[in-house]
Amino acid sequence: MDLVRPTLVQAAQMVLVLLLAPGLTGSVRKLKARLLGRQGPSIVQPYRDLWRLFRKSPVLAGNASWLFRVVPYLVFAFIWLATALVPTFCLGLPFGPWADLIAITAMIGTARFFLALSALDVGTSFGGIGASREVMIASLAEPAMLLVVFTLALVAGSTELSAITAFLLSPSAGLRVSMALALAALLLIALAENSRLPIDNPATHLELTMVHEAMILEYSGRHLALLEWAASLKLLLYFSLIGTIFVPWGLAKPGSSLTAYLAGGSFYLLKIGTGAIALAIFETGLAKMRLFRIPDFLGAALMLGLLATLLRFVSGSL
Amino acid sequence: MSHLPFSPPVWALLVPAASALLLAFVRDWRRAAQINVAASFLSFCMALGLFAIPREEPGRYLLVDDLNTVFLVLNAFVGFTTSLFSAGYIPHEIASGRLTPRLLRFYHAMYQVLLFGMTLALFANNIGVLWVAVEMATVTTVLMVGIYRTPEAIEASWKYMMLSSVAIALALFGTTLTYVAARQALGEGTEAMRWSSLFKHAAELDPSLLNLAFLFVLLGYGTKVGLVPLHAWLPDAHAEGPTPISAVLSGLLLNVALYAVIRFKILLAGNSHVLSPGPLLIAMGLASVLFAAFMFYRRRDIKRLFGYSSIEHMGIITFAFGLGNPLANFAGLLHMALHSLTKSGIFFMVGYISQAKGTQKIADIRGLTESHPFLGWGLLAGTVAILGMPPFGLFLSEFLIVSSGFSTHPWVILLFLLGLLVAFSGLVLRISGMAFGRPTGRIEPIQVIPLPFWIHMLLVLAAGIFLPTVVVTCFRQTAQLIR
Amino acid sequence: MTLITALGCSAALLLISIASVLLRRFSGRNALVYAATLAVSLLSLACGIEALLVSPAGSPTLSLPLGVPWLHTHFRLDALSSLFLAIISWGGVSSSLFALGYGRHESSPERILPFFPLFLAGMIWVVLADDAYVFLFGWEIMSLASWALVVSHHREEENIRAGHLYLTMAAIGAFTLLLAFGLLASAGGGYLFSSIRASALSPRLAGAVLLLTTIGAGSKAGLFPLHAWLPLAHPAAPSHVSALMSGVMTKVAIYGFIRIVFDLLGPPSWEGSLPLLLLGGVTAVLGVLYALMQHDLKRLLAYHTVENIGIIFIGLGLALAFSANRIPWAAALSLTAALFHTINHSLFKGLLFLGSGSVLEATGEREMDKLGGLIHRMPGTTVAFLLGSVAISGLPPLNGFASEWLTFQAILVSPNLPQWALKFLIVAVGALLALSAALAAACFVKAFGVSFLGRPRTSAAAEARETDPWSLSALFANAFFCLLAGLFPGQVVNALGPVVQELAGQALPRQSLPFWEPMIPIAQNRSSYDAFLLFVLIAFAGLMIAGLVRGIGFRPIRRSPAWDCGYPDPSPATQYTSPSLAQPIRRVYASSLFGAREAVESSPPGDPRPARISVKMRDPAWEGLYLPIARIVSFLADRLNPMQFLTIRRYLLLVFLLLVFLLLLLSLWI
Amino acid sequence: MNTIGFDVAHLLSGSLVLVSFILLYQDRVFALLHMFTFHALVLSFSVAWQAFVQDAPHLYITAAIALIFKALLIPIVLRRIVVQLRIHQVLETVGGIGPTMLAGMALVALSLVVTLRTTHAGDRLSREDLAFALAVILLGMLMIVTRRNAISQIIGFMSLENGLILAAAGAKGMPLVVEISVAFAVLIAFIVIGIFLFRIRERFDTVDTLVVERFRGERR
């Protein structure tokens, strides 16, 4: 078998997600602004920000340790890899077998772990706020995510994303209640994981309500740029995850023609676009909830996930 | 005379008797102590001599078989080591003025009388003589317990006196009943009180009278064994007497009383019509274990604490004999031997500790391992051994008891283990408080004779790791005897 | 040969402990003892590995004329025992290596030196035992020696109390195991393991044995609610001993469980797996929640041991369920997961406890809230501890994740089980496992962040010194193996093959070399995981980005006071402490489970005293189990105590009543 | 065994039981002492009678011991103790006389049941003797446990022990009876002397055992 084309595809996907991510963030912002009746920044604004930040010289707190400086690269690498492992426009990525859905979840977890540590590194109280809230949210979101994974795995008999998608594309996969529940759970999780409303407000700098922003408060320059980029990559990751699993159509089969790949890409862009619109509408409709309402929110996700898994047993046919 | 004039049993009896007479006239307590040690050693040699000479037929007065050989060798040995210990112990007592030379003269004489009484009880081929000997031993210990003349001591010995007198009376009635039961089969006269002939014709004895007799014997001698609820004298007698006497009580006298019970059990086992004594023994053993276990938690006096521990272990042994299968009997014998070694060893330590600290109050003893390393670690080692943990031998015996009984009496064994567990926790609680922590009170070292303790501990340790075949065979034959 | 060598090693350890007593006066005995222990453990490690990897087929036996006269003592070295022999020996190696440096600071070494080798020897005897007597003998020696080590710092009262509780629990465990063996032997086999294997038990008795074994081994391993002694005793011991107790002794308990349930007990029934799974899940979650509530570093680690034991027991329960339903490949998968996690836990828990030991040595503090900023003062320890934290949090690419991943895979094959109860329970347990993994990450964000990052909270932390090379080398040795096992899980699975083969009757498909191939437990298209390439790729990506950044135009870093949203604050007291870090999680979980209540007392106006917030928590295990038992015992003790104070007349009355009672009995009987 | 001998023996041992009852009934120290003297007398008669019917001369020694030691020596000594230690004259009992008597009845019944139902083989004389002896023993114990005062406890113990001697003498041809009775004499001497030997008078004002027990090892 030839290694060239899969590798090319994989490389293409890595680059694609890298380039696409800030655009997604930007478009969501733009859409929200429009929905609020504002002009809003242009879609390419995030690219400009990243560029600017990369060229600024970072300012570190006096007692920041080496860990503080390493973490941005680490987080970025982990998130980027995780995103690159999720099929976007085609199946059968060569990196696929390296990490199944559980591993991808865990990679995101690793990134979060180090981010929270970096938040504690300087020893400011805001870092503490961010870290403590982030781990609390994660402690609810990760199990929920794993339950969703369980559902998928039990449905498709595999934890490999490509295999799952392939199964869902196959005629044997009918419409299933458990899948619907899993989707609902996954949506809630995605909001929490990307610190979107109503969990967290990405645009806020109102100190006492912020979670993710509080963690990266001490960062600046290229470090901040990497973290922002990683954040948008993560958003993209969840978009493509939902897209691949629940809207599996239009994905190019492995080893198909270039046109098929292009078609897959366009399908993918379409999915992302609709997702962005949906997210924007959703967020404008909501206000941020109090910190200790979040457990109820994510607890719902957890319950949905569990229910999905159990329903899988009760009615395998459904 | 059916037996040789120079047979070891006779000498084992003569030596203590003679030395008792001799000691009654020795003024200097130092020399008296030496004579005491020498005499005890001599009788130990005599006891060992039992193995040297061929086993002779049971005579008219004396009976020598595996059972009492085991007991006697053990007794003589512990008697010897204890005399060694007491030689190291009494100088402190003289120094502290608790004992006077006059009293010591009495003490040493009595020590030998006690040994004599116990030896006689073991060798006697006559249930009447057995009874007289046990009574003699008891009276001597009563006198020894009261020797300090403190109100507590007097009260303890008074209690001991009263309880054991009643017990003796019951035992005598049991003896009489046995005689009456045997008279039909064996005709009147001494023949009907002789162990050897009783065993031979056990099947022909009147079963119903035997039941009654065993009941009285059990109550009578069981009081001396310290079985609950007949135990009351035991803790105080252990606590208030001189420590060597506590060691002898726990290590020897209880065994002798147990020996009497076992003999009668053997007698009953020979008769198929009598009620089996097993359940009764099991019940009393269990009661003793459970009761002693809970009593540990509120004790404040270290010697009394170990007195209760003796009750517990006597319960364990009785329990084992109550189970009655050969393995359990073997385990019971082993446990008895190891218990007397361990417990007397512990009392050696306790004696020195109370002398070093000038108190027996548990609350006033702390951090021994730091202030008196030998005493502290010794106490710990002894405790670990008595708790039945490896590498010490009691682990083996308890392992055998439980494993042999579990298939037949599962629930009883569960209760038994529960008692052991409660006792374990209680004893650890008390001991670790004494061995560890910041030392309090006197911390100046005292001069001790560690040898006896070492010997005992090494023997117990060896038993846990390797039992020499000679011991095993001996115990096995004895266990077969008990049935 | 290996068996004899291993026994020789245990004997050598015994000799070392005796020698350490004899050499009381000799000044250099610390180094001597630990060096000797190190050498011997290395040798026995070699034995274990040799028996496991090189010659797994033959399982040599040996019998010595010791112990029970007519039984003798029997030893055997099969794959399972050789695996655990290796684990124990590695624990011995790393902790004695650590102690070479750490032990120098010991105040009273004579309380540690004799028992440290003895402890190891006892554990070795347990895993080499081939009959019940040797097993229990070693078991008790293990408990005894570790108890002596727990109370080695005997001037602290709570250590003595911890020791008392520990020894009592150990006795419970020993007694229950004794009963279990009694039942096993009652089937007719006697105490030889081989004969026990030969004889079959009735289902009811088998259930009883399973229950007794779960109590016996679980009390030693720290299964909820029998864990209560563990967080008290493990921290009380000197750190290298804590590492042994947490990292190795709990594994010996696991060994005992596996040996009895999977080897001796014969074919199990599926009902047996229900309590195991439930206990495992509950233990995992409660253990980590307990840990989150701690502020004492070593106690936190001890509670994490409880959590990991729970995870291992989940694996074992799954294995039981699958083998009861005759699905050997799934049983093999679960067993592999459990054993893999056992190895991992012994590695990273050893590492973490040793790390906490060097922190303790450098600062004299176990309280995390008195630490902080150690990353600047002791970089080496920090790196090792960080690796350990990542590993124990179950994050790729380290080993903790690999074994948890396998456990998840085992959970995901549960649809093959016929019993509905199991299907549902296993999914729920999976959720619990996921929860515990997430909480573990949170807990180590707290543990590592509070004690190593931020600003030093006390002068002790500010003046901390990096530990000596010995300790560091021990730390890094453990960290290295964590990384190794994490990057090449496939090879570990291969190594576990013979053990699993022996227990489940089938091993996982042999993972293909070369080492960069992914680990495929069941089938290619089902699930696979390739830590090594992932790691390489991540490293590559990170470096690439770094290069890219330079390419864009690299600006030097400027240092300045922390920004902190414009509230720059010099006092390190304003940092988040461990309770405040755990506060959101405490609010979410602990308020219901532990009844956590926060009380704020603010001083009246004008009063300079600071307002303080205090948290009260109840411990369900204590409130539900231990205190009631203690109350019962003390009640009975109080009720019976007056028996000591009766008058002579009353005592005689007792005798009299007994006599009359027995006479009545007799008269009724005949 | 001629019937006369049996009847007399029966009468004597029966009367011993009766005297035990009377002992149980006493509530004055001196009356108790007198009654015990009588008890001992009856014992010595019945032992002597046994010696006569069994023509076992050594039993006469036992009878003599009972006569001299128990019927004369001990009462005198005890009387002196009572006078010297100024023991108050009234013996306080536990649970009153009446219930004690009832309990005594029950005990006698029990002992008869036990002995007579169990000895279907033993010859009648010794069987009766055993029954009565057991009754006396139990009554003696009852007396010990229902009396608060050391003197009466001692007397109770001695009556118990009289029952033993009765049994031993009744057991036809039982050896060692003499030795045993001597041993008991020694024992009792110890107890009685104990009161002096332990200097109870010096240490406590009375020998009321309750007061002795104030010096319990572990005070509460």
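In order of appearance the chains are A, B, C and D, and numbering begins at 1 in each one.
By our rule, a residue touches a chain if its C-beta (ideal position, glycine included) is under 8 Å from a C-beta of that chain, and two chains touch if they have at least 3 such contacts.
Treat the numbers as computed from the prediction; the structure is a model and nothing was measured.
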Looking at C-D and A-C, which pair shares more C-beta contacts? A-C
Subunit C to subunit D, mean C-alpha position gap in Å, rounds to 69
Rounded to a whole Å, what is the gap between the Cα centroids of subunit A and subunit C? 35
Subunit A and subunit D have mean C-alpha positions lying a whole-number Å distance apart equal to 100
Cα centre of subunit B to Cα centre of subunit D, whole Å, reads 31
Junction residues of subunit C, two or more chains touched: 644, 648, 652, 655, 659, 663, 666, 670
Shared interface positions of subunit D, touching two or more other chains: 114, 117-118, 141, 144, 153, 209, 212-213, 216-218
Residue numbers in subunit B touching two or more further chains are 158, 162, 166, 170, 208, 211-212, 235, 304
What are all the touching pairs of chains? A-C, B-C, B-D, C-D
Across the complex, what residues on subunit D touch subunit C? 94, 107, 110-111, 113-114, 117-118, 138, 141-142, 144-145, 147-148, 153, 209-210, 212-213, 216-218, 220
Subunit B residues touching subunit D in their complex are 126, 128-129, 131-132, 135, 139, 142, 146, 149, 151-152, 154-158, 161-162, 165-166, 168-170, 172-173, 176-177, 179-181, 183-184, 188-190, 192-193, 206, 208-209, 211-212, 235-236, 239-240, 299-301, 304
Which positions of subunit C touch subunit B when the two form their complex? 65-70, 111, 132-133, 136-137, 140-141, 143-144, 151, 154-155, 157, 159-160, 163-164, 167-168, 171-172, 175, 178-179, 181-183, 185-186, 191, 633-634, 636-638, 640-641, 643-644, 646, 648, 651-652, 654-655, 658-659, 662-663, 666, 669-670
Quick check on the complex: what are the subunit C residues that touch subunit A? 372-373, 375-376, 386, 390, 393-396, 401, 405, 408-409, 411-412, 415, 420, 423-424, 427-428, 430-431, 434-435, 437-439, 441-442, 444-446, 448-450, 453-455, 518, 524-530, 533-534, 537-539, 541-542, 545-546, 549, 552-553, 555-565, 569, 572, 574-576, 580-585, 587-588
Quick one: in the complex, what on subunit D touches subunit B? 114-115, 117-122, 126, 130, 133-134, 137, 141, 144, 153, 157, 160-161, 163-164, 167-168, 171-176, 179-180, 183, 186-187, 190-191, 194, 198-200, 203, 209, 212-213, 215-218
